[in-house]
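Please see the structure below; I have some questions.
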Amino acid sequence: MRALGAIARQLLSLAGSLLIASFIVFALINALPGDVAATILGPNSDPASIAALRERMGLDRPLLLRYVEWLGGLLTGQPGSSALSGAPIGSIIGPKLAVTAWLATLSMLMGVVLAVPTGLYSAVRRKRADGVIISGLTQVAMAVPHFLVGLVLMIVFAVTLRWLPANGYTPLTSNPLQWLRHLVLPVAAIAVVEAAMLIRYVRSAFIDVLNEDYFRTARAVGWRFVPAVIRHGLRNASLEVITVAGLQLASLFVGSIVVENVFLLPGLGSQLLTAVNQRDLPVVQAIVMIFVAIVLVINTVVDICYHLLDPRVRAQDEETSS
Amino acid sequence: MRRSHPLVVGAVLVGLICILAVVSFFWTPHDPGLVDASIALQPPSRTYPLGTDGFGQDIFSRILVGARICMLVGVMAVTIGALLGVPIGILAGMSRRHVGRRIMRWADIFYAFPALLLAILLAAANGTGSTMTAMIAIGISSIPAFARVANTASRSVMSRDFVAAARSSGIGWTAIAWRHVLPNILPVVLVQVSSALGRAILAEAALSYLGVGTQPTTPTWGRMLYDAQKFVYDHPAQIAVPAVFIAITVLGFNLLGDGLREALDPRLRQEA
Amino acid sequence: MTDDEPDPGVPVFEARGVSRTFRRSGTRGRVLTTALDGVDLTVRPGQRLGIVGESGSGKSTLIRVLDALLPPSSGEVLFRGRRIDNASSRQLGDLRSSVQMVFQDPRSSLDPRMTVGDIITEPLRSPLLRSRPDVPRNHGERLAEVLEQVELEADAAGHYPHEFSGGERQRIAIARAIAPRPDVLIADEAVSALDVSVRAHVLNLFADLVRSDRLTLIFVSHDLAVVRHVCDHVAVMRSGRIVESGPIEQIYASPAREYTRNLLASVPKLRVRTASSRRTATEVPDEMPPGPDDPPA
Amino acid sequence: MGALLRIRDLRIGFGRAEALHGIDLTVGEGARVGIIGESGSGKSVTALATMGLLPDTARVSGSIELGGRQLVGLSDTGFARLRGDVVSMIFQEPMTALDPTMRVGRQVAEVLRLHQGAPAGRARERVIEMLSQVGLPDPERISMSFPHQLSGGQRQRALIAMALINQPELVICDEPTTALDVTVQARVLRLLDEQLDAAGAACLFISHDLAVVSQVCDEVLVMYRGTIVESGPIAQVLENPQHPYTAGLIATARIDQIEPGRPLPVIENFWDGKEGRP
């Protein structure tokens, strides 16, 4: 019952954060000095067309009213319409969302699958040659931006070997094989970098556990090293890793913006960049808000997982709620 | 024996890039902006040490000037993040627990605004991106990490008895913050500065690559990669040079951070 | 009454019905723990008062309330006849300049990033102390004096705390406490973190200082045998209350309360364990209540 | 009584420094041997070496025989079979020695299952029995609790239950009561005393407090900076200490026999730290 209360509080605080974040997004676009309509039309536009656009977008009405309208639109899935084509934003974004969601989810899965065993292995073998080599490799992988890994993968597997397509996308429903072939390289590009970071966190979380008194107790009652790590290390280390992995999932969605542009995937990230270049502010505003919301939701889910996993946090919860 | 290696290697790499940036103010082999289609895409030679790009511009000159932007954005962004984030963290860490938690909750909202998103927002609101918007965006997005690190560290300092001792002899809160809290959390903040620099430089490269940061007329490593991408089929080596420089710089800062962490954390020191 | 010439009749500290509660989570949901429950206490000038009890008995909370580091939830605390509970920090000048504390663990009570000299002279730089006439002006001179008093080398001032042993570090903490020439010294478990073999040295130092500087001493400990060597009065605490108090020799010789008797009996004594004594290896009386050993942390 | 644990010329080094300079000690079956010394004297290192729990960086030479088995150079698997079964250990810090994410009962049951392979139902019964045997009230509830819900004394009792549940031949106690309150310490010491007697286990008891050692042990070893300066039956050592350091330790431990107001004796009154150093 208490756990439910904690979850309810988390959700409430998520709603608060979403509200504040939406206000920040709206204010940055609309309340910063400089006229929205003038920005959209660019430096060489005439006052008449600016006035017309202001009229069409309803920019003369009070800021707060426009914010509330936009918020309502977000909740119903129709946050306004494009400043250029006039098309409803919901229908522009909808199909792109699936591409980005696939890209991010598959990258995260691949990243975790790569990182947890590797991190554990390099923690246990941290003083041996192979542990040091893994450590070094992760350092290098972390120093490389997503898009660069993407470019290198493209050169090797698409340009030189011609195993996979260099760019483009096929929906899962029309041809699953082609869908997969198009996603392999972008997913790998994100996963490699994310896994490198994750490996370091997993490694240091496990090294922390190895230094804990309870780990020594586990060894003293007769667990061999590796079983002790698995029985008593995994759960404790996973607490730390989950927090980090959550923050990473956020960074991964952002990484997908760049990688979509490398591989010309028709996802939210590509659409966002197109909108920025076309100065289509309503579309930019909506897509940024979607990304921000995804990040906040992920963080809340991570917090809830953390609370369910750690008995100490569960108890502390009761303390802080007072 | 191995323990000091990351620190030394990191310092050398970072030092190297700093030297490049400084040199670029006084000397470049060619004008980095000079376009000459007749000498486009040349391989490295005596005149063009790293070759020329698709516009016939000298790559080495552009790398030198790019180092300047890269360091400028990195340092300024991290300064913004640290100057705002660390005081927030200390304030939260020195407040009573539930007040501190509330302060941190506010700071955490910025976690929802990664550098890239914030930069895109600023660029969109401004019409175009610039070095300034990139700096501000990266800086603001690094606030919560600084605040979190400073908060945890100062809370643990506040629980030590030397703070109680200072309070019991009438030392005020500001003096405690300056004399006890700040010096004791400085090591972790330094480590954070170093890794934040690495991340800031990655973000800057991504922004330039996407064209929402520093404008394409100014040479940046990220933009050089974008330009090289056009020739990926016929001249794949074009992407190698800016790629290597980005990686070296970030690697340098990451190693520096790791080295500092090891050097400053007594527990790790024994462990190594 | 003037500050520099305290009336011997006015108590240094007076606590009237002081209570303090903390909100904590326990095994069965949220609970209010009562750390102090209606404590009345009077400390007279020149008295050497020991406060004895188990952990969780409220003794550390009591001295933190006395030193105005924690506000009481209810009740009054007076320092030299003036209310200090809920006083602003500026009104605490007299208290802050006359009372100094020594804590349990010198690893925690000495700032690792300060030199020993800076640590010891820090109280002298307090804005509240500078106003007092008898606070030493010449920091270097006073530093040398107190280092000698606690039997540390003069060149210790330039070193950092981690370069010293546990006993030496506790002597540094004592030097800091006596540097501004306080009238009252409060020691919180000041020897419990030390090895038995080092403990005697620090206890002797306390005894000497109190005698030579004619200090009022409040000495918190879980060990009655230790308290007996530095104090003349003792207050025994349990569950936030003072259950017994009086002259130490009287309580040491004939404790009135069962609880005090148990405390006394629990202190390990040097004794040879023979085959016949195996069954009663320690002298804890069987009637010791078998309840929880101590409250959950 | 035969020798259960026999250590000969044990040397342990870390990096360039040597922490233990060749010590000899013998623990007979069912015997209680105390090791006393200040922090850093090498007493904990000796215990960890016997358990095979020293860090990889330690260099160990000499001989440790437990019931005839040579432990120096034994593989981790070999040690794991002995630990918790033939030899077990109780550590100083009860607050951190239990896995915070696992219920206490399960942690105790693990030890049983690990070595005896008992079925879950039987193990649970035995765990409850053991928890009540170490004086924990309401053992059913305790077994379902997480460590943070127990007090320090309760956790130490749970750790004693873990150490004794497989009826080991040797129990190593490293300052098991130093972190506890005096009254709790007294009760835990008495419990240890009873349980060791009941199990007939031998005990190597490490402490900086001679008074505590004198209450539990029959023999005592005095360690100073990695060497044993004195050893013998406790009565003999207390009455007639051969080494001035031991004399100093005894004097400082007799605080209750000094008249208040008189200065307490300190080690330096007896020993300048040089004379009689081996």
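Letters A, B, C and D name the chains as they come in the text, with residue numbers starting at 1 for each one.
Convention: contacts are C-beta pairs under 8 Å (C-beta built on N, C-alpha and C of every residue); 3 or more make two chains touch, one makes a residue touch a chain.
Since the model is a prediction, treat every value here as computed from it, not as a measurement.
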Intersection of contact partners for subunit A and subunit C: B, D
C-D or B-C, whichever has more C-beta pairs in contact: C-D
Approximate Å spacing (C-alpha centroids) for the pair subunit C, subunit D: 31
CA centroid of subunit A to CA centroid of subunit D, Å: 51
Interchain centroid distance [CA atoms averaged], subunit B/subunit C, Å: 49
Of all residues in subunit A, the ones touching two or more other chains: 315
Junction residues of subunit D, two or more chains touched: 148-149
Of all residues in subunit B, the ones touching two or more other chains: none
Touching residues (chain side subunit D, partner subunit A) in the complex: 51, 53, 56, 76-77, 80-85, 88-89, 91, 93, 96-102, 110-111, 114-115, 146, 148-149, 159, 162-163
Touch list for subunit A against partner subunit D, complex: 127, 212-214, 216-225, 231-232, 235-236, 239, 309-312, 315
Subunit C residues touching subunit B - in the complex, by the definition given at the top: 64, 67, 69, 89, 92-93, 96-97, 99-101, 103-105, 108-114, 119, 122-123, 125-129, 173, 176-177, 180
In the complex with subunit A, residue positions of subunit B that touch it: 2, 97-98, 101, 105, 108-109, 111-114, 116-117, 120-127, 198, 202, 205-206, 209-212, 222, 225, 229, 232-233, 236, 239, 243, 246-251, 254-255, 258, 267, 271
Touching residues (chain side subunit C, partner subunit D) in the complex: 26-27, 54-55, 166, 195-201, 203-204, 207, 222-223, 225-226, 228-229, 248-249, 262-263, 265-274, 278, 281-284, 288, 290-297
